[in-house]
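Before anything else, here is the set of structures, which you'll find just below.
Look for chain A in each of the two complexes below; its partner is chain B in the first and chain C in the second.
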Partner chain A sequence: MTATPLLEVRGINKSFGPVQVLRDVDFAIYPGEVTALVGDNGAGKSTLVKCLSGIHPIDSGEYYFDGNPVTVHSPRDAASLGVEIVYQDLALCDNLDVVQNMFLGRERRNGIVLDEVTMEQLASETLTSLSVRTVTSVRQLVASLSGGQRQTVAIAKAVLWNSKVVILDEPTAALGVAQTANVLELLRRLADTGHAVVLISHNMNDVFAVSDRIAAMYLGRMAAQVKATDVTHAQVVELITAGRSGELGLAPSGTESVNGVES
Partner chain B sequence: MSAVASATQPSSEIEQRPASLSTYTRNYAARVRGGDMGSLPAVLGLIVLCLGFGIARPVFFSTINFANLFTQAAAITAIAMGLVFVLLLGEIDLSAGFASGVCAAVLAVLLTKHHAPWYVAILAALVTGVVIGVLIGFLVTKVGIPSFVVTLAGFLAFQGVLLLLVESGKNIPVTDPAIMAINATGKLPPAVGWALLVVAVAGFTAAQLVRRRNRAGRGLAADPLSVVAVRVGTLAVIGGAAVYVLNLERSINPIAASVRGVPVIVLILGLIAVLWTFVLNRTAYGRHVYAVGGNREAARRAGINVDRIRISVFVIGSTMAAVGGIIAASRANSVDPNTGGSTVLLYAVGAAVIGGTSLFGGKGRIVDAVLGGAVMAVIENGMGLMGVDAGIKYAFTGGVLLLAAGVDALSRRRAAAAGLR
Partner chain C sequence: MSGARDSEQGLRTGPSQDEIRRLNLGALLRYVHLRGPTSRAELTTNLGLNRSTIGALTADLAAAGLILEELPRDRGRAGRPSLVVRPEPAAYVFAFTIEADRITAARVGLGGVILDRRDTPRPRGELPPVEVVAPLADAVRAMQRSIPPGARYIGSGAAVSAMVRREDGLVRLAPHVGWVDEPLGETLAKVLGPDRPVTIRNGADLRALAEHTRGAAVGCDNLVYLHGDAGIGGGIIAGGRPMTGHGGYGGEVGHMVVNPAGSPCGCGARGCWETEVGEAALLRAAARDGYGRELVAAVVDAAARGDAVAQNAIRQVGDWLGFGVANLVNIFNPEMVIFGGSLREVYLAAAAQVRSRLNRNGLPACREHVRLRTPLLGDDAALLGAAEVAFEPLLKDPLLP
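Let's turn to the complex of A and B:
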């Protein structure tokens, strides 16, 4: 484990009109680790991720990348830092093949002509480096791929751009057992190659199978960020549903909202 | 060559496509069964129609009629090429027919009333097409009116503009020799026809071989030589036969006036088709057109300027309509209030769809417009030779269009089941 986080935010606040969605959220992501971001519906996971990726500007708070303070105003800023997001709905074009999708919007060219050879080679190398065996041909149309294969392509697309942080929004939600295992294995390999991986998931089995750290959100706050080996399944569920579990989590008399729900 | 491919990249986990002619044939058959039929229905339809008309009216196969087919198909094919771009985004341009009429009228008015040189008139017609396309694209993209409605309004409005330009029902003659050469009088000398065919085949072969060497050199699966040979051979045989037939004497009275050689329009349309095919397949712009047609949201997230792509396809659509209008004016030697009217638009949309371009967006090629345009011309020509009623002709053409759209919809369903789309 590295001492300094690759990406860290401190005291993030975010409101949509009168609704405060994030309150003083601290969140740190380390290279070489899978950090699971868990929380109930509406806890603020997606908003936090969108703030990290520059889709939503933050109201207040600090954003550090590699220990240096940075400002992220747009997805382009985040992408130039090396933060890539794999969305739940994947954002792939069915009528294009694997290579074309992986390079979409960032095609390699020779003059005005597309450099198909280089793109195909890089796509193959990326898939190979992730030890992907499920995608047999990089010239297959994405339409012909299964859900797990699509997820693999979406992840490989994020990796292709020398990304340092890869954030995945419920990558296994729509997958079967075997495909889920494949994707989780891929996340593990991604972390092992030095990426900082964030996994948003509702599935405790997935979370414990793959993550090094678990960050639990509760009603717009970061309830706790702990090592996966330090907590039990039941403790994480308590953190998600009540915001605290024994010593862990938000202070019992912290705010009215926590108390209100806890009773 | 597959041995080289696997030797240079032995560690690759990605399976290299096995390279042999038989595998290619098998893969193609599998794709067709899976619903991805490409140009197969159009090619089969073309063969069936030609044989049918040829048997019913042997004059169908005469050299003069063969040359006629090209001049008949030209205007519709040009418009259809532009419509392929529009259809690729799942949009429609119903105004393309009368837009071509308006552009032709601009050409004719400049030539005949203002005695402008032919190149100025052609440029003005093309610019008119660009302006129309920008207008439609702006209304669809920035204002947000569905393209069906915008272009339906354009269909009516451009008909009105055309009437105003030709001053209610008069016929503007187009007698400029350069314009007439485009699709009426222009023939390439037989030797030039052969020379161009040699250049085309050699260029195609070189392109294929270079591509193959680049891929093999980097350890990627390359097409086997046998497949390249079949492609080159097919082009050479079909092109050779066509040039041979077109170079035969087709004048009724050869002593008075000899008529032989490849029509100039074949060269013009060939160059345009190569240009647009290159744009769609080999440039980032073309890739983005397919991406926006396949999944607009994915394209937006990939950083593609979706609005700019959407406007650009309407510009290409209307500009190609202008090209179609110029070709039509050349063939008719005149522009009248019905230029680009009646069946022109439906034939052009039909040509693109019959060729295999999907009305649902994301799937289509320029060669679709060429093949579909040929089918349309053969129907028009053959029905004309049979001397059937206009009523029967329209009903039959409508049926063919419906059949093509049905094949598109069904093959889409089948492809969805087979996971190809």
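Let's turn to the complex of A and C:
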């Protein structure tokens, strides 16, 4: 839909010692869209995302934000660009309430005391703007929330900071059916409010239910990045398992040897 | 109508001062009704009217008790703050929904706020109209007791899963309650008094309208809304207007025949879409007895946990769902297809199947921009849609007596 990607990486390489985890990966994320990042275990999805968020420095490659080349050395750099990640384990503190969690480490102050009123107001405004109805009180302890509610709080936390890119690592993996539906709808709403959303998932239904684009990784390489309206379920599964599907995906030449194994 | 004839003859004079004022009042009221509190400054920009015109219009509407003006709470910027115009919920309508397993009455204020609601669960199956109207009448009386003084009744709207004649609210056919030619409009008018209109519409049409005006499809002028409960209802908005057909019976997508060799449908035909994707089809395929949305959710849940029979059922229904959606996308070229009611759960569980079918059967040009979505308003959509049609006369002419 939009021509210019909000965040784009080109030719990213990343090795951990002798193991090359990412090879010449190109990846683009567009505002107002959900981009699904799929791939088998060990395909490099999490590494790619960690490179985007500055946790892992990249060995080589270019990083563009809003069309401008930038360098990202640390998570702080990524956060200042507006890139937020919601991790699988959510990284919330059980002993704090929803507001305290959302502002953790970035508390608002009024003189020397914390500005609880404003923080509470901002937290509930954020939740309302996402049409979250499952969290009834923002002063509830996170320990008392269900898995789906925690996921919601973690996502709202990412949104609160005027983030432009929200990356979610398997947000529905540990959730029941009803909570999954709520989280998926939340992702969709996030994209509809102009955020660029990246969804890492193994569940094809989740991927097709919300995403506009699908990026499939295969053994450290980007097999294809396609529009969800152009591919079928079976094609995506082929891209994940074989790295190509018909004309899509990696070239089926002799050069494609991974870890010495000809495919 | 006369305006059109005049212009054909080249005799049309400009609209009169009064007409313009009425149009502007309507535009302003509709704006705050749909978008909530708005500052005068924003109204000036968005409605393209003069600042003093906005001032005069808001004064008229405030005098009529339709809006409130107040100072904004947050005054971060320097300068004289622009007054915020908000809809006055003291102007209210009654909205009713008659659904497969419950009957709901609500009092909805201007701005689309549900002020009071009463739900009455009802058993599935045939039900004489009296047993529907009686609880609604009780609910109305109960709600009337708690109405604050000064509130103003505008009219009523009702959403029914049925084919409804537009002019008088005659229910031509409601297969799931067993009604044929039932004068629901007349009956409700007796309950509510004859001085204000009672508008009856098809439930799916109203859900589509509600999602279009304040839900998932705001700003999206071409959409198809699919609602699943006992059957499959469809609401279509084309070019920003509800597409209801000549008599108001259009949009019965549940009864497109997709499988001539399929099972008989309640409407008398065979192989209608709802016999392949409806609740009954899913539950039959999953070998469950009973009916209802909880059971559908249970099948979806079982499929997610690895129950092979449930997974198969979801796949099969998802496939048929995709076929039908592909047909609709080819015919209407919508920007958005919304899956509501029990179809929401089914769609989310079978999204890959639906998308695959759509990608294989939809014409590339028709489907390239289509977005498959779930509703934003949830179960309130029908109520809000019914309220919307009840408010319509007021929004057309805010100063109506």
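Following the convention adopted for this analysis, the second predicted complex is superposed on the first by the 255 of 263 C-alpha atoms of A that agree within 3 Å, B and C clash if a C-alpha of one lies under 4 Å from a C-alpha of the other, contacts with A are read in each partner's own complex, and residues count from 1 in each chain.
The working rule: contacts are C-beta pairs under 8 Å (C-beta built on N, C-alpha and C of every residue); 3 or more make two chains touch, one makes a residue touch a chain.
All of these numbers come straight from a predicted model, not from anything done at the bench.
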Report task. Please work out whether A:Q100 is in contact with chain B alone, chain C alone, both, or neither, and reply first, second, both or neither. Result -> first
Report summary line: Chosen between chain B and chain C, the partner touching more chain A residues is B
Query raised in the report: What is the contact status of A:T180 with respect to chain B (first) and chain C (second): first, second, both, or neither?
Result: second
Report task. Mind working out whether A:F208 is in touch with chain B, chain C, both or neither, as first, second, both or neither? Result -> second
Requested in this report: Scan A:A234 for contacts with chain B and chain C and give back first, second, both or neither.
Outcome: second
**Report entry** chain B versus chain C as contact partner of A:V135, first or second or both or neither
**Finding:** first
Requested in this report: Answer with first, second, both or neither: which of chain B and chain C does A:E84 touch in the superposed model?
Outcome: neither
Query raised in the report: So, does A:D169 touch the first partner chain B, the second partner chain C, both, or neither?
Result: neither
Report task. Would you mind listing the overlap between the chain B footprint and the chain C footprint on chain A? Result -> 131
Query raised in the report: Where on chain A does chain C make contact in their complex?
Result: 1, 131, 176-178, 180-181, 184-185, 188-189, 204-210, 212, 228-234, 236
Report summary line: Touching chain B in the complex, chain A uses residues 76, 87, 89-96, 100, 104-107, 109, 112-114, 117-118, 120-121, 124, 127-128, 131-133, 135-139, 141, 143-145
Query - Touching residues (chain side chain B, partner chain A) in the complex - result: 9, 11-15, 17, 214-215, 218-220, 282-284, 287-288, 290-291, 293-295, 297-299, 301-304, 362-363, 415, 418-421
Report task. Spell out the residues on chain C that touch chain A in their complex, using ranges where they run on. Result -> 297, 300-301, 304, 344-345, 347-356, 359-360, 367-374, 376
